[in-house]
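These are the structures in question, set out in turn.
Each of the next two complexes has subunit A plus one more chain, namely subunit B in the first and subunit C in the second.
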Partner chain A sequence: MIKQIMAVFSKDVRSELRTRYALNALLMFVVTTVAIILFALRGEHAGPTVLAGMFWVAVFFTAMSGLSRSFVSEEERGTTMTLQLIASPTTVYFGKLLFNVMLTILLVAGVTIVYLAVFPAFEINDMSIFLLTVFLGSLGLASAATIIAAIIAKAGSRGTLYPVLSFPILIVPLMTVMNATVKSLEGTPFSDAMVDFVVLISYVMVMTAGSVLLFDYVWKD
Partner chain B sequence: MTFVKYGSIALISFVIVAGIAIPLTQSPQSWLEFPVIPGLEEKARNIFFHVPTAWTTVLAFLVSMVYGFRYLRTKNPDYDQKSVISAGLGFMFCILATVTGALWAKFNWGSYWNWDPRQTSIFILLLIYGAYFSLRSAVELEEKRASLSAVYAIVAGLTVPFFIFIMPRMMTGLHPGAQGDSSGGGPLFQSGMMAGNMRVLFYVALVGFNLLYVWLFALRLRIARLEDRQRLRQHRED
Partner chain C sequence: MHAEGVSKKFNRRNVLRDISFALAPGDSLAVTGKNGSGKSTLVKILAGVLSPTSGRVVYEASGSRLSSDEIRPLIGFVSPYLQLYDEFTAVEILDIIARIRSSGAHESARRRMLMEQFNLWDRKDDIVRTYSSGMKQRLKYVVALEHSPSILLLDEPTSNLDEDGINAVRKVVSEYGKSGVLVVATNDAVEAAWCSRQLKVGS
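Let's look at the complex of A and B:
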């Protein structure tokens, strides 16, 4: 089982590394979004609340531009049938989830580096809260984005619907993660952020369990 | 169905009359007087309209989810039909709850909309309904449309408990029953702030609005089935 999941995952990584389509698109999207935020701020000094919000705005829209690739590319290349034949739905789902988690973590790391370089006020005062927030946030984002990507790939119009369908589902982790990021920037004690982590962990578990059970119905035509 | 139809009309009319006409007094003596709830006063009457519609919204969503789930299990298009109808009604009740809530907020908090956790959660619910219908309009094949929208309804339904039950109680808000509310947390009708007669009228309103939902549901199901039959007949004639 785990071997098969890793096989699906490494297949995706290999085909991604061949073209670097998603990686390049994500990187360019991060740069574009941060540039727009910089233009909008016009040298105004933003506080931690605004910066934390903007941070996840950049992550959300970048994720929405790239994460649907995992399933849409299978449909476009016509490889869905082959994948259906050689692997069980559960392994396909977890392979794709793993790939999306990796992409999201890379993406968040990219946004963090750009933010640290560009905004002097973006100072992480509590590293443990920040790292845990970023990690759990990536898991939450990827877990919801994967099942929606599977739905989108089967629906007719691919690009436009993705953020529309994802946003209502992602509001809960986004709001929690913004909360926790503010705490990490302000350097509040770790116990204060526990509530957010509990909500995030339960969200990831509920979302993943639900997706595994429902994936069958989306994946098979 | 006639019982449901006239029952809902009678109960809701009764609630409209009684909910608006019964006077508020400081120390109620008889059954025909409501106590004054501090901080709510006359605006407390909204309980009989806003809370039942919000309740029916969640109920309609749940029904839609359950029928979506049954569709996935059986692939019976009738279940998909019921799922959509319930979602449509839920959307209508959701708009009603949002409007009554915003009107109440204008007089209690001073502005129609100020992103209280409760307002955020009903906004998300509106978004989910909107996304559900845009997904349905995007897929042409009936079978695919039914199963994809059913999956989306269930996935979205999984997040509903988070923002209906967890977030409003986790974050401080002004909505009655929220964490930071002066009455000390917990929904109004649990903390004993509502008098017996208010509670009775509230439950009457709840039953009335639920009957209205059942009646509209049956009505729209009948219309949908008749339309299907007509389409079939036309098809045969061609």
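Let's look at the complex of A and C:
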């Protein structure tokens, strides 16, 4: 099973490197979102709360533009049935989840680099809290985005549905990662961020378990 | 393979009604009917990529019922609406599919034999996007047959194929007609005659 999951993941990575379906969309959104935030702030000094909020706004909207591609590109190119014929639903789900986790981590890394470069006030004072927050936040974002992408891939108005469906499901992890990011910028003790990490870990576990149970039905018809 | 009272509705429209049949190794079935009669829908249900609204399809081996994970490696499926990852070369597609299936087919000489049979060996390293529709259809046969399935499901089997391609398909069909289970969905009387039994749907 793990070999097959890695084969689906590897297929998606190689396909992405050839077609650039998601990577180009992600890159353009990062640049556009950060530029708009820069224009909106107009050199104003923003505190950790505002910067942490803006950071995850950039990540959320960029993720919404790219993470659906894992399933939407299969549907648009008509390759869904090929995948259904060769792999079990669980294999496909975890292969796609892994691909979305990788994309989200790349995206968060990209947004972090851009933020560090253009916002001098975005100063990470506790690196361990920040790294754990972005890692768990990426897992949470990818776990929700993957199942929603599978659902909306079958729908007609995919582009509109994706952020609309994702937002209510992602409110909890988004609020939690924003809190934890503020703590990493302010340099509060690691133990203060533990509650946020517990919430994020629980969210990822519940979302992944629920997705595995639901995916069979979403994937087949 | 047992189809027991298989029906399929799309919204309120009945596409298939109470279809039942049983096939054993060596059996072949031609599914015929007008356009929109549900031939492709039935083949998709048999392949396990579509659920029936009511009824069921059961696969058995040595008296025990097979799970969907056990059935998947036994099925080879070819249809005009099945699409391959055309950003890859033919060999890359076959490698990717073999890895996902964990069939180890890429280690065998069977690939070369099939690619030569379907006249694709010389173009094996070309990107599939550059293939003609007939070549893509030939490649679908190689993909469907490489893991040596016991059940071959063909929807419009000679669609887009030239004379050589049709002859290659005919050879495959005659092999499966003897030892495997073959289902052909077609409107063509010649293709229907390849099979020992016929089922007309939508009548």
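Note that the second predicted complex is superposed on the first by the 221 of 221 C-alpha atoms of A that agree within 3 Å, B and C clash if a C-alpha of one lies under 4 Å from a C-alpha of the other, contacts with A are read in each partner's own complex, and residues count from 1 in each chain.
Keep this in mind: a residue touches a chain if its C-beta (ideal position, glycine included) is under 8 Å from a C-beta of that chain, and two chains touch if they have at least 3 such contacts.
This one's a predicted model, so the numbers in the text were calculated from it and none came from an experiment.
A.B. asks: Using the superposition on subunit A, decide if subunit B and subunit C clash or fit.
C.D. replies: fit
A.B. asks: Could you say whether A:A7 touches subunit B, subunit C, both of them, or neither, answering first, second, both or neither?
C.D. replies: second
A.B. asks: So, does A:S88 touch the first partner subunit B, the second partner subunit C, both, or neither?
C.D. replies: In the superposition, A:S88 contacts subunit C only.
A.B. asks: Counting only touches as set out at the top, which of subunit B and subunit C does A:A155 meet: first, second, both, neither?
C.D. replies: first
A.B. asks: Counting only touches as set out at the top, which of subunit B and subunit C does A:L174 meet: first, second, both, neither?
C.D. replies: neither
A.B. asks: Go through the superposed model and pick first if A:G78 touches only subunit B, second if only subunit C, both, or neither.
C.D. replies: Once the two structures are laid over each other on A, A:G78 reaches subunit C alone.
A.B. asks: In the overlay, answer first, second, both or neither for which of subunit B and subunit C A:V101 touches.
C.D. replies: Touch status of A:V101: no partner.
A.B. asks: Which partner does A:S15 reach: the first (subunit B), the second (subunit C), both, or neither?
C.D. replies: Second partner only.
A.B. asks: Considering only touches as defined above, state whether A:M207 meets subunit B (first), subunit C (second), both or neither.
C.D. replies: First partner only.
A.B. asks: Please state the minimum Cα-Cα separation between subunit B and subunit C in the superposed model, rounded to the nearest whole Å.
C.D. replies: Minimum C-alpha separation, subunit B to subunit C: 5 Å.
A.B. asks: State which residues of subunit A lie in both footprints, the one left by subunit B and the one left by subunit C.
C.D. replies: 221
A.B. asks: Report the residues of subunit A in contact with subunit B in the complex, numbered from low to high.
C.D. replies: Touching subunit B: residues 144, 147-148, 151, 154-157, 161, 164-165, 167-169, 171-172, 175, 195, 199, 203, 206-207, 210-211, 214, 217-218, 221 of subunit A.
A.B. asks: Considering the complex alone, what residue numbers of subunit C touch subunit A?
C.D. replies: On the subunit C side, the touching residues are 44, 47-51, 68-69, 72, 75, 77, 81-88, 92, 96-97, 99-102, 143.
A.B. asks: Quick check: in the complex, which residue numbers of subunit B touch subunit A?
C.D. replies: Within the complex, subunit B contacts subunit A at residues 72, 120, 124, 127-128, 130-131, 134-135, 138-140, 144, 147-148, 150-152, 154-156, 158-159, 162-163, 166-167, 170.
A.B. asks: Within the complex, which stretch of subunit A touches subunit C?
C.D. replies: 3-4, 7-8, 10-11, 14-15, 18-19, 77-79, 81-88, 91, 220-221
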